[in-house]
Amino acid sequence: MLNELFTLATLIGILHSGVRLATPYLFAALGETFAQRSGVLNLGVDGMMLMGAFTAFYVAFNGGNLWLAVAAAIGVGCLMGLLMGVVSVTMQAEQGISGIGLYLFGLGLSSLLFKTLIGSVESVSGFPKLALPLLSDLPIIGYIFFDHNVLVYLAYLMVPVTAFVLNRTTFGLSIRAVGHNPEAADSLGVSVNRVRYVTLIIGGGLAGVAGASLSIGLLNVFQENMTNGLGFIAVALVYFGSWRAVGVLGGALLFSLVNALQLWVQVLGIPIPSDIAVMLPYVLTIVVLTLTVRQIQQPAALTKPYERGE
Amino acid sequence: MAAHERTQFTLDRITGAALPVLAVAGALVVGALLLLMLGVNPFTAYAALFNGALGNVSGITQTLTKATPLLLVGLGICIAFRGGVINIGGEGQIILGAVSASAFAIGFSHWPGWLLLPLTMLAGTLAGLVWGGIPGWLKARMGVNEILSTVMMNQIALQVMNFLLRGPMLDPAQIAAGTNIPQSAALPEAVWLTRLVPRTLFHSGAILAVILAVAVYFLLWRTTIGYRIRAVGLNAAASRYAGIPVSRYVVLSMALSGAFCGLAGAVEVMGVHHRMIEGMSGGYGFSGIVAALFGKLHPLGAIPASAIFGSLLVGADKMQRSVQVPSSLVVALQGLIVLFVVASDLYVRRRSRRRMEERE
Amino acid sequence: MYRRLILMATFVLALALAACAAPAAPAAAPAADAPAAEAPAETSDPFRIAIVMPSSTTDLAWSQAMYDALKSVQAEMGGEASLEIAYSENMFQVTDAAAAIRDYAAEGFDLVIAHGTQYGNSMFEVATDFPETSFAWGTAVDTGTEQGLENIFAYEAAADEGGYVNGVIAALLSEANVIGVVGPVEAGDAKLYIDGFKKGVMDTKPDAVVNVSFTGNFGDTALAAEAANVHIQAGADILTGSAQQVVGAVGVAKENGVKWLGTQSDQTSLGPDVVVANQVYEWTGTVKDMIAKIQAGELGGTAYNLTLANGGLVIAYNSAVAVPDDVKAAADAAIAGIEDGSITTME
Amino acid sequence: MRGIVKRFPGVLACDAVDFDIRRGEVHALLGENGAGKSTLMKILYGLYSHEEGTILLNGEPVSIRTPTDAIELGIGMIHQHFMLVDTLTVTENVALGLPSSRGPLLDLDRVAARIRELSETYRLDVNPDALVWTLAVGERQRVEIIKALYRGAALLILDEPTAVLTPQEVDDLFHILRRMTQDGHSLIFISHKLHEVLNISDRITVLREGKLMGTVPAQGMSRADLARMMVGRDVLLERNRSPVAQGSARLVLENVSALGVTGHESLRGVSLQIHAGEILGVAGVSGNGQRELAEVIAGLRAVTSGWVEMDGLDVTGQAAGERTQTGFAYIPEERMHDGVVREFSVSENLILQDHTRPPYSKGIFLDFAHIAQHSQELVRNFRVKTPGIETPTKSLSGGNIQKLILARELARLPKVLVAAQPTRGVDIGAMEYIHQRLLDQRETGTATLLISEDLDEVLALSDRIAVMYEGRVMDIVKREETSAEELGLLMAGVYPER
């Protein structure tokens, strides 16, 4: 049975699944990368995702255009990011705790809105598969990478975009400076708080899309707590990726591929208890982290609220 | 001038003291908007909340039953925070503590009660200690961020429980009946904790938790170990310079934190459920953090804080029942309360700093 | 620090005062010796049922099946005037559920349903304290008679029976002879269903392959969806699965035009073009019988089992998806065989 | 600046201070710590607001609320602690916060070109592509200067710019500064080093306790005059040291190598001996292995080769805690960071090493009666100004925290003492006191390693002086037989011709 795992078809299957599974993680983790690079740890990603997922679903369910739904999800995500900004930047609250508060708020509110505005599990027709012309005709690779819905492509597109914004724009420079040495940035007239607000809002928007990618992309339903803690994994992936877009991509792919692998292991009937198989991605993430930690790249001001002059 | 200063000081004290209350009130006001959205009269709802939590024997005992694991977990969180680490892995530590305690009690059920009971607690405590110690060790030795590893380890613990409850630990009676309910056999009665009020779940674990809260206070502020934990938490560099083995204390803080969470799991199965079942924790690992925070991360503060937070949770559940609002409202409300309380903390800190500067 | 303690104490006191002063306080009677429901036969008072559920009333699976049944019984009996329903949902924490069960009992509900096996212990404890209130729990068979309790109903669903029938349908509809199962955790109701399903497939088409995967969770919608994808890539052309997480998997089936067989609730709405049939838990009969028994003064002792034979399990076809007559005939034969005992649904 | 008033809670930081600066002049601002000079400059740079008074620029009243306002008005500031993001390149640091010629996109190539230009003009010698953390302190300072020049600063505030430089680097800096004044730049030079102030300034303003003591032309002033203005009394600038009979070698390092923070070898085959009753000064530009040397001796950094002996005992493998128990004491360089737990009370900090030892603890329990008694004694003996022993340490002034550390370390009657930058940032009064204490300690037979970037301090206190350069000991010279010039050359890695 084990040899079945190493057939070409299975390997392609694993890659295809992994590429798709990574989508929500990518959006959410890239958004969180912005926030963390500017020095804010936002543990509330899962709550922001749920709000985004619900909003997108609600718009689509009521016959709204799918892109309008995505826009609405971004908008609501941004608002959640703004809320986190008020609490953790302006009020300088402990970031870990405020993140948990934001998570609970998003979890509760999205379920509440679902109950009152929709009331039962329904499905919508979300973004259809969009086989990219030419590219999807490529053998093997075409199927693995270019046979998904448009939000999947968008997620991968966000990787170079994030890297570009962080490394090649004046705003990205401000983000990096604020996250590493807010006093220095402040002394040059860069508003530390404003930068952090903006990154939190960007992070919220991307978390909103991450939610939308589930509710109107991959699953086309909304259910209470449908992310099931996915946002927390996304936060972990930012550490995993050493705060770089490419690293986040690597982490998201690794986690998703191992998840796809364990699904295949089960489907092929390889005799490993299912619970052990399900554990695999989590165990592996810790192991890989243990082996590859590079503390030096952590934004020095991460989790530290900034207050001028002491 | 002096009189003026004294008035100012008193005013400061009152506002400072009232802040957490104001924060909770603020959260409830926002919650009232949600209630109005649902077409529910907020006054009726909140009356049900307060009355449900504290209005009768049932409410009070439920609050205290709920406060027990919150306090135990909260104590663990206090230790971790004082030691400069953040333990988000309470959930996994509770689960494994409960699993381990149950397995021990069932496995050695023929042992005399006076021996079995403390050892069962110890088994749970040790499981939590190990499960908390691992991320501590990973942080101290490998530099793995503990938020990350504990998040992952919660999931792993959950699957370990799934595995054990449908296989090795599955109740033989379930196998015989063919019903496959994922739960362990009942614990021997010798390890059941005494119910303090008949016909309620309120059990003697609450007394243990309060005693331990005092013990943790002594540990942190009256012993050399606690001194070192706090020193490492406040300033690892200075502690290193002073010859304190910092990594060892990082591991210790996490391990002790895990131990309290593990004990909370053991006490839950011994006091409430009397067997290992899924859903025995259901979020104490997170709400314990909130309770500890309410108590300003002080073990003695955690006692009233867990009672208050427990009353909020119980009351909110009762509110859900009596006015039939979706349970998610309660979750949203909980989130709001956390956000308001942490945000209000700014004023407390500003005030204390100002006071310090004035003194100089 | 002491200041804070005093403050906290004051706060507790304030809460207590607020509670005392609160208007319209329900359940004023002391809980410890609350009166049990009396005179249930009085027609002027509505029959009161309370239910405690581990997931949401809208999960399109386990909890919703029971909640919908209660609602339909209520409609049948003439609305809220005749049947009052109170519910606590998302009680995934057992301690909370235990509190809810006890409160409902204390508030004088006639029947308190603990809709989750994990609530069993707590419910037994409460049932001992409230001998005049009826309790029900499931899926289980233990009515507590061994412990001398007479006020407990147990109910279970022979999920393996519908699973078997679904398996027969799946085996016959499958052209690829590969069938995928998306499971939550390998235990309880889900395990029962999957075991029956596998047996049904194997008895019908011994050379067919049933691939089973679990997500280790009841609510991991995204992973369940991806599991469905994997099954499809592994060649499956028919899928089934259980627990609330499958809503994502149904979506995947819909998108790929792969047929789906549902269980617990009717999931047709999620995939009108692909859901072939559902094993629906029809609790209404059970609920009605319990009400009748209680009104007749019999507070417990019965263990209900939803079966195909007693109409508790219904195979509901989706009229929008054409099912060949021979398949339907085979399914009907399986149903008949299960009903008369000529077919065993478990290994 | 006219009549500037700034109040902090309980403190009048600036009391109607007048200050003016002319085009092309170097104006020194002199005063002890807490005299208000930094506060005054932070007001000028928009970091603090002021309650009263006006700021005039070229005769026009201006309002400076934020650093951005200041930068736009052509005011630049070089902070004592460099405001550089060390994970970024020089160019990125310079470009930070400035609009780009390409809108939202960075134009680092253009910025780099301009940096090269400026670097050329003022002979600043900075590589625009270097990552800041790889630069030496002197280079970082030049980056700071470029940052200000790039922003078109006509008025530049330099906050204690020479504190971390070798004498040669100071000379270089002064050359650069003079070139800048010739270009019409105005410079405000904050310092407490009197001879430097006299060397570079045109005029000198002295502040004491927030009050203006006067503005005087530099010419014709002596160090003693300035010191009197600063402190308000005569100050002992040269210290008399009585000869002490030296005993046996108490601290021996033999061929010690160790890795630094960055993972490179930062200590290379260091050998030295310190005898009882001797102070060995270590001179050198910061970052040349002094920190690693101190940490190796303290047991905080593992050696890669060689060994350390204390009192004839090989302690190479001993952890920090064990060494402190056997008569080793350490005054760390970053006292706020490494020396005390700021949130702890004074008495808690006074037992930081000894809390596990009797009489401060019994078993695992702390003995508060003994701790309090001990703390009262130390606070009294070492003249630590604190409201009480339960006061949180962070509310004490820098000098008093340093006294607290000194009290803690010296009370343990150390056989070996490492004092790293013991007087950095403390006022002259505290400095006098700390110097005296170190000399007293020497007389009791303690072997002291004094690490200081202040060459005056090293010269004033040491019996012998070791100069470190790139992790090596260049030379160990007797104090009587050397000069600042010779030491400066050694610090730069050059052996002087004798």
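Structure notes:
Letters are used for the chains, namely A, B, C and D, taken in the order the chains are written, and counting of residues starts over at 1 for each.
Methods note: contacts are C-beta pairs under 8 Å (C-beta built on N, C-alpha and C of every residue); 3 or more make two chains touch, one makes a residue touch a chain.
Worth saying up front: this structure is predicted, and the values here are computed from it rather than measured.
Centroid distances from chain C, each centroid being the mean of CA atoms, peak for D.
Here the chain pair with the top count of touching C-beta pairs is B-C. Inter-chain centre distance (chain B to chain D, centres taken as mean C-alpha positions): 45 Å.
Chain B and chain C have CA centres that are 31 Å apart.
Note: centroid distance chain A to chain B, computed from Cα atoms, is 29 Å.
For this pair, chain C with chain D, the centres built from the Cα atoms lie 72 Å apart. Annotation for chain B: residues 159, 162, 166, 326, 328 touch two or more other chains. Residue positions 111, 114-115, 224, 273, 275, 278-279 of chain A are each in touch with at least two other chains. By the contact rule set out at the top, the touching chain pairs are A-B, A-C, A-D, B-C, B-D.
Of all residues in chain A, only 9-10, 13, 16-17, 20-21, 24, 111, 114-115, 119-123, 128-129, 214, 218-221, 223-228, 230, 259-260, 263-264, 266-269, 273-275, 277-279 touch chain C in the complex they form. Interface residues of chain A, counted against chain D in their complex, comprise 168-174, 176-177, 180-181, 183-190, 297, 300, 308-309. Chain B meets chain D in the complex at residues 222-225, 227-228, 230-231, 234-235, 237-245, 354, 356-360. Listed in rising order, the residues of chain A touching chain B in the complex are 41, 43, 47, 83, 86-87, 91-94, 96-98, 100-112, 114-116, 224, 229, 232-233, 235-236, 239-240, 273, 275-276, 278-279, 282-283, 285-286, 289-290, 293, 295. Across the complex, chain D meets chain B through its residues 8-11, 298-300, 319-325, 330, 332, 334, 337-344, 348, 352-353, 355-356, 361, 364-366, 387, 391-392, 394-395, 397.
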